[in-house]
Amino acid sequence: MDDRVRVGLVGLGRMGRFHAANLAGRIPLADLVRIVDADEGVARDLSEGLRGVEWSTNYADLLEDSEIEAIVIASPTPLHADMIEAAAEAGKHVFCEKPISLDIERTYEAIEAARAAGVKLQVGFHRRFDPDYRRAWQKIAADEVGEVYLFRTSLRDMQAPGFDYIKGSGGFFADVTLHDFDTARWLIGEIEEVTALGAALSDPGFEEVGDIDNAVVTVRFAGGALGVIDNSRVAGYGYECSSEVMGSRATLRVDNHRRASVETLTPDSSHQDYVSDFVERFADAYAAGLESFARAVREDRDPEVSGADAAAAFVLAKAAERSHREGRAVRLTNEMKDGEVFYEEVD
Amino acid sequence: MDDRVRVGLVGLGRMGRFHAANLAGRIPLADLVRIVDADEGVARDLSEGLRGVEWSTNYADLLEDSEIEAIVIASPTPLHADMIEAAAEAGKHVFCEKPISLDIERTYEAIEAARAAGVKLQVGFHRRFDPDYRRAWQKIAADEVGEVYLFRTSLRDMQAPGFDYIKGSGGFFADVTLHDFDTARWLIGEIEEVTALGAALSDPGFEEVGDIDNAVVTVRFAGGALGVIDNSRVAGYGYECSSEVMGSRATLRVDNHRRASVETLTPDSSHQDYVSDFVERFADAYAAGLESFARAVREDRDPEVSGADAAAAFVLAKAAERSHREGRAVRLTNEMKDGEVFYEEVD
Amino acid sequence: MDDRVRVGLVGLGRMGRFHAANLAGRIPLADLVRIVDADEGVARDLSEGLRGVEWSTNYADLLEDSEIEAIVIASPTPLHADMIEAAAEAGKHVFCEKPISLDIERTYEAIEAARAAGVKLQVGFHRRFDPDYRRAWQKIAADEVGEVYLFRTSLRDMQAPGFDYIKGSGGFFADVTLHDFDTARWLIGEIEEVTALGAALSDPGFEEVGDIDNAVVTVRFAGGALGVIDNSRVAGYGYECSSEVMGSRATLRVDNHRRASVETLTPDSSHQDYVSDFVERFADAYAAGLESFARAVREDRDPEVSGADAAAAFVLAKAAERSHREGRAVRLTNEMKDGEVFYEEVD
Amino acid sequence: MDDRVRVGLVGLGRMGRFHAANLAGRIPLADLVRIVDADEGVARDLSEGLRGVEWSTNYADLLEDSEIEAIVIASPTPLHADMIEAAAEAGKHVFCEKPISLDIERTYEAIEAARAAGVKLQVGFHRRFDPDYRRAWQKIAADEVGEVYLFRTSLRDMQAPGFDYIKGSGGFFADVTLHDFDTARWLIGEIEEVTALGAALSDPGFEEVGDIDNAVVTVRFAGGALGVIDNSRVAGYGYECSSEVMGSRATLRVDNHRRASVETLTPDSSHQDYVSDFVERFADAYAAGLESFARAVREDRDPEVSGADAAAAFVLAKAAERSHREGRAVRLTNEMKDGEVFYEEVD
């Protein structure tokens, strides 16, 4: 008997194609049924490489397909909230790439639509599914670290994306730091205060579009611990995602990944293959995230990352942006509703 | 259209179950159709966890199933050669766990049976499919290393298997060093001379069964380079498989793997998760080896590791054993037949 | 002919005894002539272990000894400024442990006294003389890093000193972060803005004495780069001093030191000897700092770290403290006088 | 009171000048009184840089100087044995660079001369005084390793010295492997069997002078453990001296040294400063060896490395050479005389 979750996928850009490959070949519990993209050529070409997967240019084809239980949304950000609401109305579970929306009210509306319809809503914070970060999380849960004093994390791109991308990205903090805020909340706990310092250093273009390319963000956790996030779009040497949790019993380090454990020694130099971007670094994590989503659907339990988690990270990113612009600490409060956390800036 | 290679699997011990899981969920180009084990309970239980996979206690059921194109043999070693010959006769391609036989004549007969029947025969040297070793191999092929001076490799188990296993293993060199001989030939080239030194150190039981638990083997390659292999059944700290190639232009190092890139620092100590055995270390490599086999079948090309490769490693292992027993260097010669290499001891 | 610099040493606490051992045995250009401590037993006992070194309980004995050219001051901080002024008046060059004073006006007066008397004044920022940091500094000077985007540094003690020490330390930022401000200025350049976040987490005693045990400090450099410093008194796993400079051409990392390059592997664990405190970590740097001072005296050139450098780091530490207390960024300005930099808070 | 050991030094080549600098500035317990070299210019020039050190072109000036208690011999190898004997006759303690002689009988005669005269004789095996190796040795002595299974060590030069040096070196095994035999005996214990495999790979010149440039040597220890040494004159990437001891309780690794803990990351590459030769790698060890010698003299106890240790390593090196030439294992026996070990080949 085939108990796989029948999945439709909308949006076949870089992330969408990556999800399609995973759904077709690496997620035993998922059965990719249909892919949708506004560009007919893109949809048809991709479906030809995937055995038995239908294609369409119309999102409604997913909604109306009674075989489909769940929809993976990888379309451009401005479409996310509408698509979530439509899916919820059609009774389909949703896995949506982050962010849900660049507008916090729309974010909350989409979350509420899913909740009201009783469908699962999981957001694509892949780092929660990375084996290394997962191991760190388990060690913290097992109280190996003791009381946390400091959380330190680096997220750095090797090269900046083009300015077309930057302009629609929602800004540096919402596009980059967002991931670190989610990791910080997941590993350490809720955040009370955010201070951010940003700069446009590598290219005058960043200043022209009103954005930055490097930032340092400090946080104070509700539990008392301090945190520091450094982010860059232009690290140059490679993609870096590494973290440290210093506590009373032990200090954990999640080191940056190498592509392969091969070292080439030449006079004075050791070449190592650093990963060059997040897709390479988190290939396993993306697959594991979809697998977890399929399992949540099949076993009818809460997804491991909720819409409220996405909203929380977004509010924190916006607080960082305000802190950066106003040169002061921004304090936040949060409250629990229906088992989910909701953040708000205090001043 | 489903162009997957329909596969049958025989032998559901540790490796067989591992291959079954890979064939069922991680090899897009393979379709596991039927599993066979002499133990009815084992076969039935496993098939229940695998959607749509038939089970049987009779190897003939695989041979007679006209749907099946290829057979994966993971049964006990004494059955390998007979099963290869039967599969060849039935026109099925074969992926067989190493060694083909503990008898070199039977090894050659099985290889010849496959050749005569025109079926593919691939042997389970997983390290050739490991991403790290593959990267090293590419660098050597790209002449990044220059003339090779030294090849150094370590293969060490954390803990010895039981003496029941040891007794049927074919001896230390055929069971352990075999893998390193294959890697040495693959990365560096053919071998002319083998000198081996072994010892039974950790448990008197090794001496009682006429075996050893530690060995150092040196080789001289036809190209002039020197090589050294160290092996242990009792490394204690973890499973280790690491190598070094020192050459005129560069020195390559394939480092040992960790389970996760997480380090736990406590006073005076850094805990790291070493992998504990070869199944954990080479999980990806096992899957990649089966995928490569399925592709060789579907695309009708030579497998990446042939029966002759298995025979070559076996002859080298036997030469090491003789060197160890007689306290002298053993010289070997090799010749090419039909594009395959065949080794023989010189004296 | 003996051209060594004849040195007197005052203050035989932990740092004083350490300097005494260096001056007696590791600094070829220094000749330790006399040691002074208020505690007669301490002074006499130590002199017995040092061949040909006189002892005294009276600082004036150093000032009046016409043989002595230079004085190393390792007495308690409240005595530093007075002792510098007295030494300057007596025409002796001065090497003084940091800080010069916990009062910035007294700091400036002592600096001025040395300047007016024409004697050298070097302050004990040992990190500038550490071979690893020195190498990083050379690479930056050789423009290997390009434009700097981010400076990141960690300074962490394994265990907190007693609260008696804490109470007289001048506060966390002046006692700990001070070193990082000096390193930041030395490696990257002048600082325009400081934001600090501190917490008392490990022991209620810190709050009782009005101090903290962990802090994160971000800075904005005049050149545009961002910086982040994390400090702790209670890192637990060992003493850490490591830094990173990310730039447009390359990223430098100064890794933490191990006591020895020996790794002990046991199941699941790798023991490494981390250094346990700054004296162990910077043993070579302390000696090199004194050697540099002796050379500055003998060759009549400016010391590599001046009194103004000490004052600058102190003003920055005070700015960090204000930022921490007031929850806002503190901006600073600086101007050059007689080739030395002088900092001031802007608001 | 000055209780320093008054030392004379003969031979001012590379090692001699290095010892001179150490004796003059880094060995508190040694007082370098006079230096001797056949080349007047060399001796005079060096003495000018060393305060208060006399110079001479005549070895007899050291022997006749009643102030001198100990002589450091760094002259060319063919002079070592005669100089040791002359020093012994004059009642001077001796520190001699290795080897004592390329003739084992002369080696034994020189050792006996020192023994008969009651003077200390220490040989320059610097690795015994290296902090890293010392730490490993302490851990073994503290039984942290348990029963030893495998000793593995690499000693590799970055670049070969000139063929003039090679011709007078006594051959590869006596010049290079000698150090590893001493380390093996020191860390693990006596050796019963040696098998060596050598090759001349990097330059036809090695074969022309009847020597090799790479070798792998396996040993069997009396305690049962296996050992493997790899050596190269042409490692290319840098100087390497690293070792591993695998035992029943733990595995120790002494890693190769870097010049500084600074890493430079550029796209795809991490530059690290490897040490380039043994003088740089073992700078501290050379000083510590001389300090230990001075202490042995002053405290009248046995040196930490004896003449018999040098003879043992030399006999083992000669056995390796025979094994290499004859293509067979060479067995050795050893016996204790007066607390010292003496090796002999069995066949």
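Lettered A, B, C and D in written order, each chain numbered from 1.
We take it that contacts are C-beta pairs under 8 Å (C-beta built on N, C-alpha and C of every residue); 3 or more make two chains touch, one makes a residue touch a chain.
Keep in mind that this is a model prediction, so the values were computed, not measured.
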Of B-C and A-C, whichever chain pair has more C-beta contact pairs: A-C
Label of the chain whose CA centroid is most distant from the centroid of subunit B: C
Rounded Å distance, subunit C centre to subunit D centre (Cα mean): 39
Centroid spacing, where centroids are CA-atom means, of subunit B and subunit C in whole angstrom: 58
Subunit A and subunit C, separation of their C-alpha mean positions in angstrom: 43
Residue numbers of subunit D (touch at least two other chains): 236-237, 249-251, 265-266, 273
Residues of subunit A defined as touching subunit D within the complex: 158, 236-238, 265-274
Contact footprint of subunit B on subunit A as seen in their complex: 1-3, 24-26, 28, 51-52, 131-132, 135-136, 139, 144, 249-257, 259-266, 273
Complex contacts: residues of subunit D adjacent to subunit B: 147, 149-150, 152, 156, 193, 195, 197-199, 201-202, 213-216, 218, 220, 224-228, 230, 232, 234-237, 246-251, 327-329
